[in-house]
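The following pair of complexes shares a single chain, subunit A, combined with subunit B in the former and subunit C in the latter.
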Partner chain A sequence: MLKMASSFPEEVLEHVFSFLQSDGDRNSISMVCKSWYEIERWCRRRIFVGNCYAVSPRILIRRFPDVRSITLKGKPHFADFNLVPEGWGGYVYPWIVALASAYPWLEEIRLKRMVVTDESLELIAKSFKNFKLLVLSSCEGFSTDGLASIAANCRNLQELDLHESDVEDLSGRWLSHFPDTYTSLVSLNIACLGSEVSFSALERLVGRCPNLRSLRLHRAVPLDRLSNLLHRAPQLVELGTGAYSAELRPDVLSNLSSALSACRELKSLSGFWDVVPTYLPAVYSICPGLTSLNLSYAIIQSPDLIKLVSQCPNLQRLWVLDYIEDVGLDALAVSCKDLRELRVFPSDPFVLEANVSLTEQGLISVSEGCPKLQSVLYFCRQMSNEALITIARNQPNFTCFRLCIIEPRTPDYLTLEPLDVGFGAIVEHCKDLTRLSVSGLLTDRAFEYIGTYGKKLEMLSLAFAGDSDLGLHHVLSGCDNLRKLEIRDCPFGDKALLANAAKLETMRSLWMSSCSVSYGACKLLGQKLPRLNVEVIDERGHPASRPESLPVEKLYIYRSVAGPRFDMPNFVWTMDENSALRLT
Partner chain B sequence: MGQLYNLDAHPVLEEVPVRTNKRSCVVASEDKKLELRLGPPGDQDQSALLPQLGFISSDHESKRVCHQLQVKAKNEETKWLANTAQHQPKSSYFQCPMIPHPDKKACSDPASVSKFTNSAAAISSDQKSKSRIAQAPVVGWPPIRSCRKNLANKSSLVKPASESPLETLQEKSKGKSADSNTKDHMFVKINMEGVPIGRKVNLKAYDSYEKLSSAIDQLFQGLLAAQRDYSAVEKENKEETKAISDSYTLLYEDNEGDRMLVGDVPWNMFVSTAKRLRVLKSSELSTLRLSSSRPEKTPLDSAMEIGS
Partner chain C sequence: MSEGDMAVIKPKMLKSYIWLQTTDGSIQQVEQEVAMFCPLICREVIQKGMGSSKTHAISLPERVNTAMLSLILDYCRFHQVLGRSNKECKSFDEKFIRMDTQRLCELTSAADSLQLKPLVDLTSRALARIIEGKTPEEIREIFHLPDDLTEEEKLEPLKNVTDDPRIRLLNRLYARKRKELKEREKLKNTEDGERNDDRSVDDLLTFINGEIGDSKEIKSSKNKKKNRRRKDQQKNTCLYEANESHEEPKSLNFVCPSDEVNKFRPSPSLTLTLQDLEHDSLNDQLEFDDGDIDDEIDPALKAQIDREVEDFARRLNSDWPQRMQEILSLGQERRRVQLSLNGNDSLRRYAYIMTRPPSSLRRMVEVLVLGFNPWSNSRVEMILMT
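The block that comes next holds the complex of A and B.
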């Protein structure tokens, strides 16, 4: 046996390890031998926790003593669509308490779908002297008071991003809590806020932060204020406008045009609430440099949209409402050959008949015209197998394909058949597909295709699809790399789940709501697989008060080394060895 | 295998129960310890099975039971998978594409199943009035986040510059207003300025403007008070109610897409033409701006001065 491990200086190994950033690589090297494990754990600085209940703070801190950056995710994805009842969990406070005492040099906290209280924010503000970055993505539970604490105390803060969080907006005064001596802001995203902030405070803040690269304003900042801000920050790379409207005065348009054209680094635009089309030409001068354009809140009709995108030959990402229509997507396919990501959102999703002329044709055009297109989210009202096959053949490079046909169980509108073969074509041709959302009328056959071809699929979303447990069985037994599976309103019951129980330990999580999994099966899973947390969510009362064969409302299963959690509300129960004996 | 999705070949069962079985057998041999199998449908009494496993405490016992299950289930699993593949209902959903199969346990909650069936039945039976009627709400569907939902509020106020299906739709809806008289409910959206979450009201539940007005007060009081001051929610009283109706103005959008003041026409005419309601602060009426470039004036424009 060579004594290499002991003779090779630790510092050298540490230096070598510092070139490895990905968690996967770091996990691998930590398994080489005990000394490498020790060295690696002392020098790992970035931690990603995909499910905050999969591990406890204590376990994390015990292994990694010196962490500078942490990402935590809480609620399951379907929480975005109100399927996870309020109070389910995802509280960050216990984490912050633990992190505050263990990592005084923590610099970055990124949270997604977690409940963050003002108390948590205050603790963050006071505990980490070198705190630099706070991203709260789709979080809730805090108010602008919490933001005031952050603004007042974090002297080295560089990034504050409230990405689509649900903030209790008490007032805009929090922004004035940034002291006059504070100059380190690099990125600010307050697009989700509602209250007006002091414009002069905002202007002064922007003016004294020379490193500001990204500024995403909220709706309460009118267009006539934007010019002043842009004059103070011509170095901006990302801009989110506020409301894109103002009283019609002659100087607004010219001021805005000249302010925007002075921003030569601008690559990304978003915002555009309440658009008055008269002001759209102001952005034309920067269009050629744009790589990202988010018009998903913009009520702009297709002629104006076409004018806009036709001037963006370097566009890589476009988020837009279905006002763009098929004609607009045709124009997009012609002008934007570098397009990588397209999201088309529905303007009027709760009406059955189409209010715009956006069909499968638009998606066909882009798949044909944009050779680099990899990621699609598309809401439409009709689809055909033929179209899907064409799309798959046009663009085998999809890594993320999410199609939402607005009416559940809609068949191929030409043949009235299920869309099985269409989605089959997608999974067969797109060999690198890692994320898939399906919709429309689908039988178990569709899932057979997915299980057969979806070998690289990591995340799959199903709704109103399938005929029987066979469908779920195909997916669980076939998709080797499946990490996250979320299902709603599908006729899947106990059999497939129990037959593939071991698979669940290889996945991050499984969500099933309005399916047919019985309480008995949940108990069985919980008892037999101690490394899984099997959570039954049922607002009708404890499932033991009903026959065991009846289905539970919602089921969330995730692997965990932390054991069952104890912060559950009274409509969530963890199935484990004791659940059979536990009193209701 | 590559020809599976070929449209020319009628997709009957060229399927491969063999292939699926192979995979599951591989899984079976790989991980016997944790693998749980229950028998195929009809071949085993599952409800009898579960209590057997429910109270096992010792490891040895559980292993034995698991093994028993596996031996039994392994033999039958291949049969089950083959059977299920053959018995797939091929054509039942073709007849009624929008009505969920009654046998399927698609929705574990019977209430939501009936809700869906009712709406689907209502919709498929009355194809004409399908045009502008919203479907019965299914929670979380379509999957869009709340921050994107309120856009529909403004979308119908904007007329496109060029010819588009939108205009033909509005023409259809003019003719459709007669159909609304035959139904016993007429839910329209109502949004209040400053409140991001809208509500829905059933216009047919009221027979006068006064009743509608007080119903709307009720709808938004909770949301308004929560926004203003949490502690005030408990202290709400009738005086609060009056204050709300005094300082707010009720508008509606008619079937021609115009914004109108509520109260001018007879109640029945109002119910048959109103498509959407909106509550604005009375003080804000003077600074009303249209977000579209439509030149036509609403009654409000002529009544109020625009601009400060």
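The block that comes next holds the complex of A and C.
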């Protein structure tokens, strides 16, 4: 056996490893033995860092000498709901500085929920000669000036994706910074921008890039401009329209229809701001080929929606507003047998009375009619245990189930009981469930079910639920694979957290806001577990100025080998054994 | 092989043969077109004119034994025929690689030494499929690889890695200092929040070193500690359900981290109850630990440790730039570096500090003594990256 191990040359082993690119496999390989660890670290090219504060750039660079692709995530998920105060952190600049000097051949940077400045973008543009891909998902802190740097300097750029970032849009001129010699664009997503860009520049750009596959425009591109663009890029696979409206002229519809029908590869549609329903038929010709349809900005009523989805038999993903109503979801269940993912967003979440006729029935229909449905995000106003049990039985294949009953603590509308049993059925039947968000009236019993059955659960989101620490204890002690737990406004305090403190080191992060965790407990956790960063976020002032037993506003705990961070604002403190003694 | 035999019968004019010799001694003839499919053999024939007779047989690389040669020739014999459809080739390949892992490894290795890239790819992919989705333990078993990563390099809850008594000592002494400062704080009025420590590194270490001289009498070993802890636990009962009111009283057995700083494992044998957490008993137990500077450090070793600590402090102050160069140049090497906990411990420690140059030397000591994360603690990073 030893003979075999020694006669197996490194280069061959490296070649074997080259066929294993998933992070999980790479991690497994590197932990087999010392020699595999060494070989693997020299040939790993893609790195995923789920929490930018879990590891430092230096540690990363020291271990992996030749990285070509990096993904970094910054703020916790609840930042999407404005629960993370401005200035909390997630700054990418120090990373870019370190990466720039260590990896001159870096090709891809993907960032999510990080603060990206124009300086960072300029540094990226100048440091990486073969830079190909930049994805800024839900990022902020940069302006169109930074984009201009990227456009001007990255000769080999293939993908620029600003997915839902908060960009300071100074002007649309940045797009014109792509030089005339630049032809390598494959994917462009500027849907989040506001300012008008030069349409001629855009048309020329699209026209000279033969490999363009994905183009997601922003609202400032009107419909009559779309045809011109499509004529120049009939090879598109993904299209995000701009504003789906124009003055009612006869030629707009016909031009658009012919332009769209020429795009035979089109599989994904999005955009659809300001829809004028008269123009919807333009897309009918490509509907049969569609696998993904994002209508989350489209204010279209259910009859038009039904007409649309009924022509999409190959649809796998649908994001839509609740205008689709139960009747529309019935139609979906009949027409789209290949549906894998459904997201139904609320059109008006701030009114108490339902403005549309969307109830639990829609979800039941879809769970019944779509055998491949795996991922659901569903906003509604009423739910019952009976419905949830039916859904669970219909569709045990759910991997992601997120139900958001708009009004907190809403009970089962038929029996007025908590929805414990319903969610219990979900976790019991859906054995492969990895992501779950719960809502409605829930007692500790619901968490008992989750802890008992949610063995594969990796991410759990809780809000306005539970009675006591027992609920949290069930989750922390029962969910073996839990990686991310985010909680808001639940009556969970110190006991369950301290009792399950060891669990926290096996998770990526825990977020608790508006709960009952005391400052004293936070300090204790920070002292006991030096490999965790226990961050107390409190905009009311340092918690030491109040009695220790009072709860902190927000708590964010994550494991880290990089130690406490030093870029915190004045309302965030890291608890550790020496915070009192720390010599400033 | 029967083909070899048959070759003797057939007239030589119809086929030409290449003679190959494996390291385990056997010499055989192989049809030219089959053998020439291997780039290495091809080169030997064309460039060096070898293989035309038994006496001039081409010596094959060590990793190609008779069994492997046979397999490789089967592969070549099939693939060198032109005009095979993709489907045929795929079908053959799928059947061809069905063998146990050991043979597959040997075959990969052999194919690589003959530079037969298509076969290397085929076998490598097959090996990758075997590895895919498996845990490190499973992979180790399949490939009979040694489990030579140390505990602290693995994914299990990490113990304190400081086997080195110096580090343990420094940790304990620093903790003691902490305790004393707290006591001093309690005595004082809480008017001075800031504590400015302007002492140099040497001063700080001397202060710590001074403690060694004042140490308490050596208590008996850890056993006493353990017994005391166990007794405390037995006294406490689970009062959770008494404190809370809910419909179904359950007997909850909370598992807590052990008392020792940095050292815990969610083991059922060491359970604490909520009552412990509510009182300061936990803190007491922690300080109880800190109080023991003793175990296993005899005076002679202590003196040696003092010297080494001072030496280290001196080095921190002076050797910095030179050290850094040393460490950085070591990092350039591609070959596997023998990193072991015991041997080059100090080297790695320096290196860790080098890669995190803090603004002041005072800070460096803090780094050393506090969140000590040795070089090889990289396994945790892997979790963090998933």
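Things to note:
In this section, the second predicted complex is superposed on the first by the 573 of 584 C-alpha atoms of A that agree within 3 Å, B and C clash if a C-alpha of one lies under 4 Å from a C-alpha of the other, contacts with A are read in each partner's own complex, and residues count from 1 in each chain.
The rule is short, and it goes like this: contacts are C-beta pairs under 8 Å (C-beta built on N, C-alpha and C of every residue); 3 or more make two chains touch, one makes a residue touch a chain.
These numbers come from a predicted model, not from an experiment.
Comparing subunit B with subunit C, the partner in contact with more residues of subunit A is B. Contacts of A:9 after superposition: subunit C is touched, whereas subunit B is not reached.
With both structures placed on the common chain, the touch criterion links A:566 to neither subunit B nor subunit C. Once chain A of one complex is fitted onto chain A of the other, the partner contacts of A:420 are limited to subunit B, with no touch recorded for subunit C.
Applying the stated contact rule after C-alpha superposition, one finds that A:529 touches each of subunit B and subunit C. Shared-chain residue A:498: touches subunit B and subunit C both.
Residue overlap on subunit A between the subunit B contacts of one complex and the subunit C contacts of the other covers 444, 467-470, 473, 477, 494-495, 498-502, 505, 524, 527-529.
On the subunit A side of its complex with subunit B, the touching residues are 78, 80-83, 138, 164, 192, 194, 245, 247, 274-278, 296-297, 299, 301-304, 321, 325, 345-357, 379, 385-386, 389, 404, 406-411, 416-418, 420-422, 424-425, 428, 437, 441, 443-445, 448-449, 452, 461, 463-464, 467-470, 473-474, 477-478, 488-491, 493-495, 498-502, 505, 514-516, 520-521, 523-525, 527-529, 548-553, 580. By the touch rule above, subunit A contacts subunit C in their complex via residues 1, 4-5, 7-9, 11-12, 15-20, 22-25, 27-38, 42, 47-51, 54-56, 58-60, 62-63, 444, 467-470, 473, 477, 494-495, 498-503, 505-506, 508, 524, 527-531, 559-561, 563-564, 576-578, 581, 583-584. Residues of subunit C touching subunit A in their complex: 62-63, 102, 105-106, 108-109, 112, 120-121, 124-125, 127-129, 131-136, 139-140, 143-149, 153-155, 157-158, 178, 181, 194-197, 240, 244, 246, 250, 252, 254-257, 261-262, 264-266, 274, 277, 282, 331, 334, 336-337, 355-356, 362, 366, 370-371, 373, 377-386. The residues of subunit B lying in touch with subunit A in their complex are 1-2, 4-7, 11, 15, 19-20, 23-24, 27, 31, 34-38, 40-41, 46-47, 50, 53-55, 62, 66, 73, 77, 80-81, 84-85, 88-89, 93-94, 97-98, 100, 104-109, 112, 123, 130-135, 137-149, 151-152, 154-156, 158, 160-162, 164-166, 169, 196, 289, 291, 293, 307.
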